[in-house]
Amino acid sequence: MITQARSTLLFTTPIVKGFIQAKKGRQRRRAINFFWLGITGVVTVLALVPLFWIIGYVAVKGAPAINLAFFTELPQGMGSASGGVLNAIEGTVLLTVLSGLFAIPPGLLAAFYAVYHPNTWLGIALRFGADVLSGVPSIVIGLFGYALVVKPAGHFSALAGSIALAVLMLPIIIRTAEEMIKLVPKNLRAGALALGSPEWRAALQVTLPAAISGIMTGFLLGLARVSGETAPLLFTSLGNDRFEIGRLVQAGFRSGQSFPEILYNIIQQPVDSLPLTLYKYTQQPFPAQIQQAWGVALVLIVLILMFNIAARYWVSRQAAKNRG
Amino acid sequence: MTLIAGASLLVVALMLAIGGLLIQDSTGARQVFGWSFLLPNLGSTWNPVTGQFQGWSFIYGTLVTSLVAILIALPMSLGIAIFLAELSPGWLRAPLGTLIELLAAIPSVVYGLWGIFVFLPAVVVRAGAFLSETLGKIPLLQVVFMGQIPSSGASRLAAGLILAIMIIPTITAVSRDVFRAIPMAQREASLALGATQWETITRVLIPYGLSGILGAAILGLGRAVGETMAVTMVIGNSLQGSYSLLLPGYTMSSVIANEFAEAVSTLHSEALIEVALILFGFTLILNGIARLLVWKIGSRTVEEARA
Amino acid sequence: MPRQTLDREFQHLQEEILLLGSMVEQAILDSVSGLKQHDLAIARRVYKGDAAINEKRFAIENAILVLIATQQPMAHDLRFLAAMLEVDTELERIGDYAKGIGKITILLGESNINIPVRELDRMAEVGVGMLHKALSAFINEDSDLARTIPAEDDEVDDLYNRIYHLLVASMISNPALIDHANYLLWVAHNLERTADRATNLCERTVFLATGELMEIETSSEDDELDEI
Amino acid sequence: MQTISSTAGEVTSRELRQPQSPLVTIKGEPLPLTSSKFVLSDLAFYYGKVQALAGISITIPANHITAIIGPSGCGKSTLLRTLNRMNDLIPKTRIEGQVFLDGDDIYSPNVDVVDVRRRVGMVFQRPNPFPMSIYDNVSYGPRLYGVTKRADLDQIVEFSLQQAALWDEVKDKLTQSGMALSGGQQQRLCIARALAVEPDAILMDEPASALDPIATLKIEELMQTLKSSYTIVIVTHNMQQAARVSEFTAFMMIDQNRAGTLVEFGETAQIFTRPKNRQTEDYVTGRFG
Amino acid sequence: MQTISSTAGEVTSRELRQPQSPLVTIKGEPLPLTSSKFVLSDLAFYYGKVQALAGISITIPANHITAIIGPSGCGKSTLLRTLNRMNDLIPKTRIEGQVFLDGDDIYSPNVDVVDVRRRVGMVFQRPNPFPMSIYDNVSYGPRLYGVTKRADLDQIVEFSLQQAALWDEVKDKLTQSGMALSGGQQQRLCIARALAVEPDAILMDEPASALDPIATLKIEELMQTLKSSYTIVIVTHNMQQAARVSEFTAFMMIDQNRAGTLVEFGETAQIFTRPKNRQTEDYVTGRFG
Amino acid sequence: MPRQTLDREFQHLQEEILLLGSMVEQAILDSVSGLKQHDLAIARRVYKGDAAINEKRFAIENAILVLIATQQPMAHDLRFLAAMLEVDTELERIGDYAKGIGKITILLGESNINIPVRELDRMAEVGVGMLHKALSAFINEDSDLARTIPAEDDEVDDLYNRIYHLLVASMISNPALIDHANYLLWVAHNLERTADRATNLCERTVFLATGELMEIETSSEDDELDEI
């Protein structure tokens, strides 16, 4: 076989050599290279324009609306320039925390399932379900929340809103956690099992710690995502000018309610949130509300940027740890 | 074990429940209007008072704004992704990437707000005027570029452009990750054969990452299709008997957002839910395509890797 | 696609061994013919020629070591190389016997001792024939052939004994010749050792082919001198 | 007339040509039954419908190093993983035949898998220290089995690290992450971790294939010092490594049904200098395929 | 009284003990200057502030296989990649000294990097075929250089695959993806791809370390058939492989400043049987570190 | 952590070689003392004892091959193993000389030939001494020592010449003793070869330590018989 190949080789050598004229067209290739590489730089710069434009504009327009009352007082009614958005800030925190509580535990568990049983029917359905869920328009999820909680209960509530947000967050958590768990070398788990460890201990003590910072990133990104959402809240938490946790708690204590009862009472209230307030204020003809809307926008952007920066910090820390 | 299986079941159940609810709650509307709800008909009506509901205007609005968005965002995002992954010096890479991704972190209401007060007057109005002057005169293109853009700028074009800005970070981030995931060995192989960097990118990296890039595009498209608030704030929310980009329009999500809370009749809200069902259907189809792509290309490589 | 490189190197080594073998055979034949004809020129050539044999021997040894170091031969390949190392040494020693005969030829000079030409000739012929066959058995790893060769040693031993008795007789008849007769005895001894060494090669070959380490003993063992 | 008589050295070679006895021999002496650690009897293994191992019977002697060699895909890893039931983790697999560990069939229904895995430690191809401190890595196993007193754990950790020839290098940084060590150190850490649960046998699947030659040598030397107290089974596709470290070698190949079978098993010196099987000879001399 | 006189065999050894001549010798004959492919002169290389190579001067003979060996991290890959300027891709690197390819300094400012890379092909540790058909893989390079006629491409593809000893195995499935081949075939495909642009030299960085022994052997045999037409430089951390395939061996180590230096360069047979340098001896006999 | 395993195996091999060496030395000394004392029992023991030497020789050779196959020795290690292979063979051959002397003792039986006891004793003593030193030079790779040993061969050669002349004289004076005198000549020859082989070991040692392949030639080369 070899000798045959060799003889063909000898036969073809003089014919074949010399096809490559390297110098030919070299200038043109070089020019094309530089042109297109330049273009990519240009579009990158171009893409940054709206970012700085938005942030700068919002900061300029929103800063005047920001004062202590903005954070500590309830709205004073349409047309009034005084008062604040305490209700929306507290509502956003409440909704975010609740939705995290609803989404994170099942999301994490499902992520483990997706990694350990990728090829069972449930595993396949799970990943497809998560993909579809992450693509379902948030307004549709709002409708779902409405049908699932609001309609049966007969009233809007923080619970309904946070469930809608949790549905929104769930796929994000599943997919990031899945990726992170998948990144953990398979034989780490095998290593633990080979020492005679039961599966759950291996997952809890070995796999999870190895993936935790990546998973944290997923949590934070999910939280960031939902804390800026408006659409699902339109038909679930609705909005509530008078929502104030402190007052609700005091009122509860005065009427002798236990702590869980107070909690239950709170989450049964309709609540406001920053994006919802922002949206509502922009629909108003009053300049005072428009002014406050910019303030809300600024607070919202800062809040979400903080979440994002925190998430990125986790990522870089994890990268550093992996290198270490 | 049962716990994690339960959690997984929950996810699947959620998806089914959403679809099921939408189907169930839109039964009435479907019985009344049947397939005519979907008919491509510009003169379609949406009249809560008379109880006449047809969806085509919203479907068209959603499709055309998403299309504009993806057509603009995809090439730009690819360019940015290439710059980030292949060209930018190491110290610039992370901050630049973060900045681009921060675009995605800005809540859509803020986009809407900024759009109304800044972007529409400053950019869209001018671009609209320019387009109607130029492309609006060309016979076939006339259909989508005719008419005069409103002075506020609220139009399908505006929605498309805002959506483009909003989905650039998504597509960029995913396709940048795709480029970064391409083994260094592929670049080295090409460069070691004497290819230029651009040749390496177009002939090796893009083909290699094609499925991922397509996935990124579909993800972006999904975002665009489902986006609600920003679009609602800039599209003008009006039913126009026109295909023009330069005129105000309506999308499926906007109409739900605007009308559901104040639905005047059961039929009205059922019609809105049917719109939501169509939206859900879009999502399923897009996801299905994305899966198929990934699965087809992915499984082939897996098979090959095993062989 | 087997290990062509290793096979090629093996091929080459075998050729070198055969070359060394034929150098040695020629040296033995030449040395005896120099002795018969009292031809000092031939004798000197043989005597000097031993250097080339030594050189070749070391070159082969070196090549074998390089091959072991660089090609990591295993199993049969390794056994074959080890066998070659030994064959290499054996051949060089036979070369020394030729050199010795050349030297004796020179020492005998023009002395008029009666050389038992027929017997020595025959010894050389049989010894070289054995060597030749042993080498080819070795290269071909033909253990059957290798087993048959040592039998020929019997004839060599007989010849040696005949020469011995002839020379002792001539010593007795003419003590002045004792020195020279002894020289001739050495010649016979060297030729006899040549055949013995051919027998060694055969043992190696059998070992190589079958994994059996054995001595092929000849029948003369217990009552003759040739095995000292 | 000649006679062919056997002399020195033939002792070895004659035995080698005897039909292989059912018992393993060491330097020509039959191995007493009590010193075999694993006995595999007519083992077959299936991944789904695909048969990966067929008719494997082999006796792995205790307190020696046994190497498994063979071309890629011949089932070396699969065979190794039957020995501590790690293959159980892969769904849709099936095993036939028996695997005896110290005389007990580890696949019989009332056997405790966890206990089997404790008695048979495993070291993997790529070092896989847990993402925790060196100390916690080594004490992970003992803790599983209920050792909680700090002093006991300290002692186990030190002893295991010493056995793994790593103590001197890490004794001052036990709280450092195990992942901050070099590849070779990580692998020794994994060995220490396996030793900490006091196994009888250690399985190693290409333990040095991700290491550079110097780290490889250290692992190999470590195996030599461990073999007096442990039975070691190593899979390697580096033939020279098998030759260097092991005392027994099993050569496997794919049969006509594409299932892995045992071609030859014997003392390493014999396998590499005078294999009995033609295929073994071809493989070790590089004339295969 | 005795005299010590040199005899046979000493020819080799005497030369070996001469001070190393500036020129490379082959079997004792000095290599004519025209047959050196690369000449490195006092080369130093820096990753940022870290010096990875120091004072490397070496002449790599044309149409022979030269192996670079040494402990992990000693700069073998770095050195190899200076030969086709692949190190240019890494930011913040700096080179000092000269690298001559056929007499031209490839680092002089007016040199066309792309042309250098065409003349000096490279094969990597893991096979890296492009995810396209076998045909397209091989014709990728020629197409870059403007070969467009189908007939020409056909010829180049066949010729290159034949040279890479792969033609017979793939000639019926040229349109199949290059990734559908086995690891060893993939690596030969990568070699064919490199050959298709008509290079003079081929650099290989551990080309067989991801392959099983049988595929490795095939690559090694292929190198033997290629060496008559190409200069091959191979980095390997498998000493036995260096010994098997190469005719010249360079042994590198880290010096006291932790930069890689050349310790010994010579014919492979000499390096592995009688190295001149103590460190080389320690390394090849496994007594290092 | 160097290659302890390989080092251990080397250690073991060296011990085996030394053991073989002392077996051979003893055999030579015993054979000569058997001859001197006409002690057929000793002679027979030596004669039979050669089998053990052969056995040991093959065992060592086998161990060396196994080591080469399994441990991939390189560079100096490999050269040392190759040298051992040769030393192994040489020692076995010296064992054969002892066996030969034993056989002659048996053949001489009660014959009353006058044995040149002093010279033979001294030859054995010097030869065994050379062998002993050569072996220790080899094991320690002491090339300086190795270079000094071959000089002692001169004395052996002188002794051999003396014995030769003595025996020739006795043959002349009593032709009936020619047979027996010739036997004794063989004994002297065997002892002289023993010293030569010790010289071979020295050459090996020098080669091993310095990489120089050379023959250490002694001054007697050109005019005496001992080199035939």
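For reference, chains read A, B, C, D, E and F in written order, and residue numbers begin at 1 within each chain.
Convention: a contact is a pair of C-beta atoms (placed from the backbone, for glycine too) under 8 Å apart; a residue touches a chain by one contact, two chains touch by 3 or more.
Keep in mind that what you see is a predicted model, and the values were worked out from it rather than measured.
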| item | value |
| --- | --- |
| Neighbouring chains common to chain C and chain F, by label | D, E |
| Of all other chains, the one whose Cα centre sits farthest from chain C | B |
| Greatest separation from chain F - chain, by CA centre | B |
| Whole-Å separation of chain centres (CA-atom averages), chain D against chain E | 36 |
| Distance from chain C to chain A - Cα centre to Cα centre, in angstrom | 90 |
| Distance between the centres, which are taken as Cα means, of chain E and chain C, whole angstrom | 46 |
| Where chain D touches two or more other chains at once, by residue number | 7-9, 217, 239-240, 243, 272-273, 286, 288-289 |
| Residues of chain B engaged with two or more neighbouring chains | 194, 196, 199 |
| Chain A: positions in contact with at least two other chains | 1-2, 22, 29 |
| Complex contacts: residues of chain C adjacent to chain E | 1, 3-5, 51-52, 54-59, 61-62, 65-66, 69-72 |
| Chain B partner contacts - residues on chain A that touch it in the complex | 22, 29-30, 32-33, 36-37, 39-44, 46-48, 50-51, 53-55, 57-58, 61, 105-110, 112-114, 122-123, 125-126, 128-133, 135-141, 143-144, 146-148, 167, 170-171, 174, 199-200, 224, 228-231, 234-235, 275, 278-279, 282, 293-294, 297, 300-301, 304-305, 307-308, 312, 316 |
| Chain C contact footprint on chain E (complex, rising order) | 7-10, 12, 165, 217-218, 220-221, 224, 240, 243-245, 268-269, 272-273 |
| List of chain D residues in touch with chain A within their complex | 84, 86, 89, 114-115, 117-118, 121-122, 124-126, 128, 130-132, 140-141, 144-145, 177, 179-180, 190, 193-194, 197 |
| Complex interface listing, chain B residues touching chain A | 1, 3-12, 14-15, 17-18, 21-22, 25, 75-76, 79-80, 82-84, 87-88, 94, 96, 98-103, 105-114, 116-119, 165, 168, 172, 194, 196-199, 219, 222, 225-229, 233, 253, 256-257, 260-261, 273, 276, 279-280, 283-284, 286-287, 290-291 |
